[in-house]
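What follows is one structure encoded as structure tokens, with my remarks underneath.
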Amino acid sequence: MKKIWKSSQFALFFLLAAAILIFGVINPDILSAASLYSLARTCAVPAIFALAIMVVMILGELDMSFCVIGAFGSYATMYFLTSYGYMDVPLIVIFLMSIAVSVALQLVNWVLIDRMKMQSFIATLGMQTFLKGAVLAFIGSSYIYTLPTAAVGFGSTYLATAKYASGVESQLPAAILLTLAMYLALHIVLEHTCFGRKLYAIGGDADAAKRAGISVSHIRFSAFVIVGVICGIGGVVHNSLGRCSLPMPTDLVGQELNGIAAVVLGRGAAQQAKGTVIGTLLGVLLLQFISNNLIMIGVPSYYQDFVTGIIIFVGLISQSYQRKGRRGKLRKKEAQV
Amino acid sequence: EGYTIANTPKCIGISWWDRMQVGNERFTEATGNEVYQSGPTGDADVAVQISSIEDAIASGVDAITVIPSDPSAVETTLAKALDNDIVVISHEAEGLENTDYDLEAFVNEEYGAHMMDLLAEQMGSEGGYVIMMGTLTASSHQQWTEGAIKRQEEMYPDMYQVCDPVEGSSQEASYNAAKEVIAAYPEIGGFIGCDTNNPPGIAMAVEEAGKSGEIAVTGTCLVSQAKDYLNSGTIKTFTFWDPADAGEAMCALAVKVLDGETIEDGINLGVDGYEACTVKDNIIYGEAWVDVTTDNMGDYDF
Amino acid sequence: MYKSFYGAMALDGMNFEINEGEIRCLIGENGCGKSTMIKVISGFHPFDSGELYINDKLYKKITPAESIAEGVQVIYQDFSLFPNMTIAENIMMYATVAEGRTIVRWKKIREKAVEILQRVQFEIDPDTYVSKLNVAQKQMVAICRAIVQNARLLIMDEPTTALTNREVERLFEIVRRLQQEGVSVLFVSHKLDEISEICDSYTIMRNGKNVFQSEKGDGKMPREDMVRYMTGKKFTSETHVYVKRDSVPALKLNALTLDGAFEDISLSLYKGEVLGITGLLGCGRTELAETLFGLRQATGGNIDVSGKNTGVFRRVDDALKNNIAYVPEDRLTEGLYLEQSIADNVIARIVRNYAGKCGLLRMKALKKKQREVLSSMNVAGMVPKNPASSLSGGNQQKIVLMKWLASEPDILILNCPTVGVDVGAKSDIHKIIRDLAREKGVAVIVVSNDMYEIMQTCNRVLIMKEGRISKELDIRDTTMDELELLAAE
Amino acid sequence: MKKEKSFWSGADRDVMKMTVITVLIFVIMVSMNEKFLRASNLTSMCFQLPELGLYSLAMMMAMLSGGIDLSVVSTGNLAAISAALILHPAAENEVTGGVLFGCVILAVLASLAVGALFGFINGFVIANLNVPPMLATMASQTFIKGISIIVTQGKSVSGTPEQFVYFGSATLLGIPYTMWLLIVVFAVTAVLLYRTRFGFEVKMVGANPKTSHFTGMNIKRIYIKAYLYSGIVSAICGLAILMRTDTAKADYASTYVMQAILCSVLGATNPDGGTAKISCMVLSLLSLQFLSSGFNMMHLSSYFKEFTWGLLLIAVLSINFFTAYIRQKRGLHKA
């Protein structure tokens, strides 16, 4: 019990549980499997992108460009494939192409941040603005309506179907497996490999990391490659999830802050690390759960922004209280000794 | 040397306005006048649109064709254009004061009512429905919504709104909102989507819910976006007007005004749907809405 | 060895060598290039020219990884710890990196960390995050990290700044044991007594050059000689002579208590007095100092200032109203704005006194004061518009002092005012403290574990133990050795 | 004189750099576009500058204190909406003279109060509850916009008295009133930053809150004041927009949040806190506007605007890097 209380994600976990409980009381349908599937479907993409920004934040940097990069990677791929008529390429090729583009762009970020020592927030903000404008000006600005068949197939593969009490169906998309696999993989990399610990070390103190014999530049390079890979995958998943989000260059732009919010929420109260996989997942779940279910509990649409804002506010404040409370407790404990 | 016309839509970089640019280009080719498009990218932010209009005025164009996100917000800026002897032609902006002529593809309330008619036809004039808007703050969508609700109250007493209009700013957002609406109000029988992004998003949510055929989906859309759902039958009909035609007609009208021609009832702008327009004060109504079904979808390949 | 930063020579023809099993000390004034020398050896800074031999192997350039592989371990002056990791992981980080494994073995890391913590008798939960530790604890972790590896050359850059005598003793024991195992040790410190206790031989630096190098077994070197080599000057030790001038104490504590830190502290401090407070790590003296400045709120007792009861200070403002100044322990994070200009640093405290009509600052007066403050102390090579980070440790501390003295305080509390400061600057600062008390009649409290410092500045000293005052002594009745004994008891 | 100046603003390499860049952009735009120098264009730019300028100043103050304020635009809109809700009935009932004047004063006060209120809430939450500024203001942005939508049902509120709107389009000495407003706010901010205790303290708190606390500054109050400034300037911006467009709307200028950040960091504001330079802010604002208007006048798509804005930001950072690099190479000791 004590361990759970001490665990850094406790407040967040508690908050999520509370939200689920309260929403569930208002509309029990929210607790059904169908609702869960629906949540999984909405979370799949934001969760992937949150992972990308999390890696950057572990390095102690910020990225305002990861969404544009992901969207662009996928758009460029789809644009190329459809305009040259390669509609039947296998799924893996689509992913690889998108990843290649995203990685290339993330490496530009790496050059700016690592080699040219720019403040990451500013550099990537410039990158975001630049890329968005450049894509529109030089590549194209229209939707692509017909995606390669493999992408469409991937997006409409479902693992399971469940029904709400009302008989309305809801499906669990296969893409969620990919998301989960990425979370698992990253969790292992970050917590159990030397490479992962080096990332945290650099985020903690880059100079100290260099003195420890870590080649900071190389590790950052690999990290940005990983971020590029995640962005590339995220873009394709976003576009193929049920033909719904058609590739478009300005797509996803503006979602950066939501990703950052999820990571920061997920850092938890006393967590000293700059981000953890589990925390990030919880953060994404909380944010998406709220925005996903407001209509379900009958909040009129005119009130939705207001309610969302208030809930996030309350969440943040309660976390800071947990942090304060813990500090008080510690003091008492030490006083007894 | 011809005229220079600035086309300043709500936003650029999405299909609808790209299509309008096609109309602009058609006009350029046909007449040799210059038309350029400028506006906010991605997000329909009036503030940026106003800046574009300001710059157009400053660069001394001959005419401005404007599709305001919010007519009242651009009034003062357009007044300045008129003061500078620039011809202003607006679109989707009934009630805008500072314009020479407002060209409407149709009467906004009637268009809303028309969408309601389409929906009622598919729902058998009974059951619950929801209207989805691009953003709750978009003026023309608000007018359509009002028109639609008024029509329902007058003509279809057995229909009712299950909840307030919802918002779907992108196709993804439309999908999410529709999915939730369906789960929360299982009795729902139909959707109207005002934005072109709405119907495909809604249709996808309907299909996933296994309610294809049971829940009617209609509204404003483009063939390219709705193609799959027309084929699968989830969307039986939708309606729209061709932005290219609207763009071209605006330019034609602007040139007529610049050349000092008289504008009177029955005027022909030389573009489909705007061949015999009704003129009421300074508003010119075309009859440019097009209902699309599987039968005629091949005619509109954009 | 040559090394320059933006054209400024930090190492200007430095020569030195260290043999197996030797404990060599490197001393020199602040900013003479000791840390730079070390960072060059450890591969953190590339050197411009010169030759580096490690184990008879010539390096024209060296990376940190190569250096570590050669068995060079460094305890950095700024510790170089990872605040976002636990103590255990910090201790084992170098080893983990050096081993070059793919998978982290958490269990082994913890085991080894616990083992080393026990070996140095440092009692702390190895799962605590380093960001939660105080300076002394961080220093201990840095020491643990260096000795957990099988180093062949252990470099310690001022490893004892925050430690108490008992811990220093323990460290020295370990160092001697390592020496017997054939490990060479390079020891950098400003505490000259410590040096003569532990070292076999000396290298003395001045302005990036070695000015003196003794051989192993040359024997101990008298303090005066060391100082002369380092600074080229001679210093004499002085003491503070206090003449009572007031009957009402400037500051009087009545049974002040802070739960969990200290209890029932009563003392009186008169104008012109310099009171020393010393004791072991964790005896509560930092807390006491912070409570007197309103950074913590006492849970019992009360404080009288100039005979008036002020209750307890609830916030810093209360202390400022009573014209109390506080020079904190950790100047880098608590005392200075490193990236702001020196000029701005020194007026940070007094700006509030220059708010005139409509909240506007009286610029003329403020600038005049600013110039006055800047010229009040002798800080070599200071350019007021440069950031504070451009100064060396001793000079930085002078800036912190200037900031506080600008407000002309009645009561000045200094917490370890000369940590990591060289003899020259140290004696400057000590003189400033004495002059303040003598000439301006300021009541001063010096919290320190440097007994030399206490002897140099104070007329009275309190020894704290487990949150209580265990002994009060007049400085004339005691000696440094006695103080050390009493404090360590 | 020279010495006096550097006393406060430190090395002014940033100002020099931005001056060169701004002049360069100006020259390029003038040479590529004969209409650029026309009075009409210059006035037109003056009409456009205040909105981004005021929001950027609001953003700058939050950044100077080491935070960020994502809620500037929604605060501005809510402030404008509250003013419009008071002014609209006034216009409907065609009040004149003293009553009208009273209404305008009331509207202005109401909107400033709204700005101050939400600025205070932001500051309070950030200072007292330890919530990261980015998250706190992101949440407040959402709920402030929510309030606007609830109040207006998403529609725009328009139709304010002519006498009020007059100031949005009229000019004084050839410069629009809203531009004068911007100039005044800039001047006041400059005084605030360089000549008041608050300005000094907010800079120091932004640079190092812990040291500030140990120096006896009341950091909570300083944070609150910084966000209060940010809220009030946002409200002023809302009023300027209301004057100019005669409309208030929940999502007006929502894309300006990112642009305000961009403008601030281009204007040498350190997002980590501790540095801000008013002169650089002016220059950065001008250069962005030159680029934007210049491209619009060349009838190039507005895509180019964003593209060059991003490029400009990266270019400025690159200049920093290369000058530092060259200096190190040359070995000039001049830090």
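We just call them A, B, C and D in the order they show up, numbering each chain from 1.
Everything that follows uses one rule, which is that a residue touches a chain if its C-beta (ideal position, glycine included) is under 8 Å from a C-beta of that chain, and two chains touch if they have at least 3 such contacts.
What you see is a predicted model; the values in this text were computed from it and never measured.
Set against one another, A-B and A-D show the most C-beta pairs in contact at A-D. Mean C-alpha position of chain A lies 34 Å from that of chain B. Look at where the CA atoms of chain B average out and do the same for chain D: the two points lie 34 Å apart.
Rounded to whole angstrom, the centroid-to-centroid distance between chain C and chain D, based on C-alpha atoms, equals 44 Å.
Contact of a single residue of chain B with at least two other chains is seen at positions 12-13, 41-43, 136. Within chain D, the positions touching two or more other chains are listed as 149, 153-154, 301, 303, 306.
Counting only residues that touch two or more partner chains, chain A has 132-133, 136, 141, 302, 304. Shown are all chain pairs that touch, namely A-B, A-C, A-D, B-D, C-D.
Those residues of chain D whose C-beta lies close enough to touch chain B in the complex are 35, 38, 40-41, 43-45, 47-48, 51, 149, 153-156, 158-159, 165, 168-169, 241, 244-247, 249-256, 292-293, 296-297, 299, 301-303, 306. Of all the residues in chain A, the ones that touch chain C in their complex are 191-198, 200-201, 203-205, 207-215, 272-274, 331-332, 334-335. The touching residues of chain C, counted against chain A in their complex, run 42, 44, 63-65, 67-68, 74, 76, 79-85, 89, 93-94, 96-98, 100-104, 106, 129, 131-132, 259-260. Only residues 70, 125, 129-132, 134-136, 138-147, 149-150, 153-154, 258, 261-262, 265, 270-272, 301, 303-314, 317-318, 320-321 of chain D touch chain A when the two sit together in their complex.
For chain A in complex with chain B, the residues that touch the partner chain are 27, 29, 34-35, 38, 42, 132-133, 136, 141-143, 145, 164, 166-171, 242-246, 248-251, 253-254, 292-296, 298, 300-302, 304.
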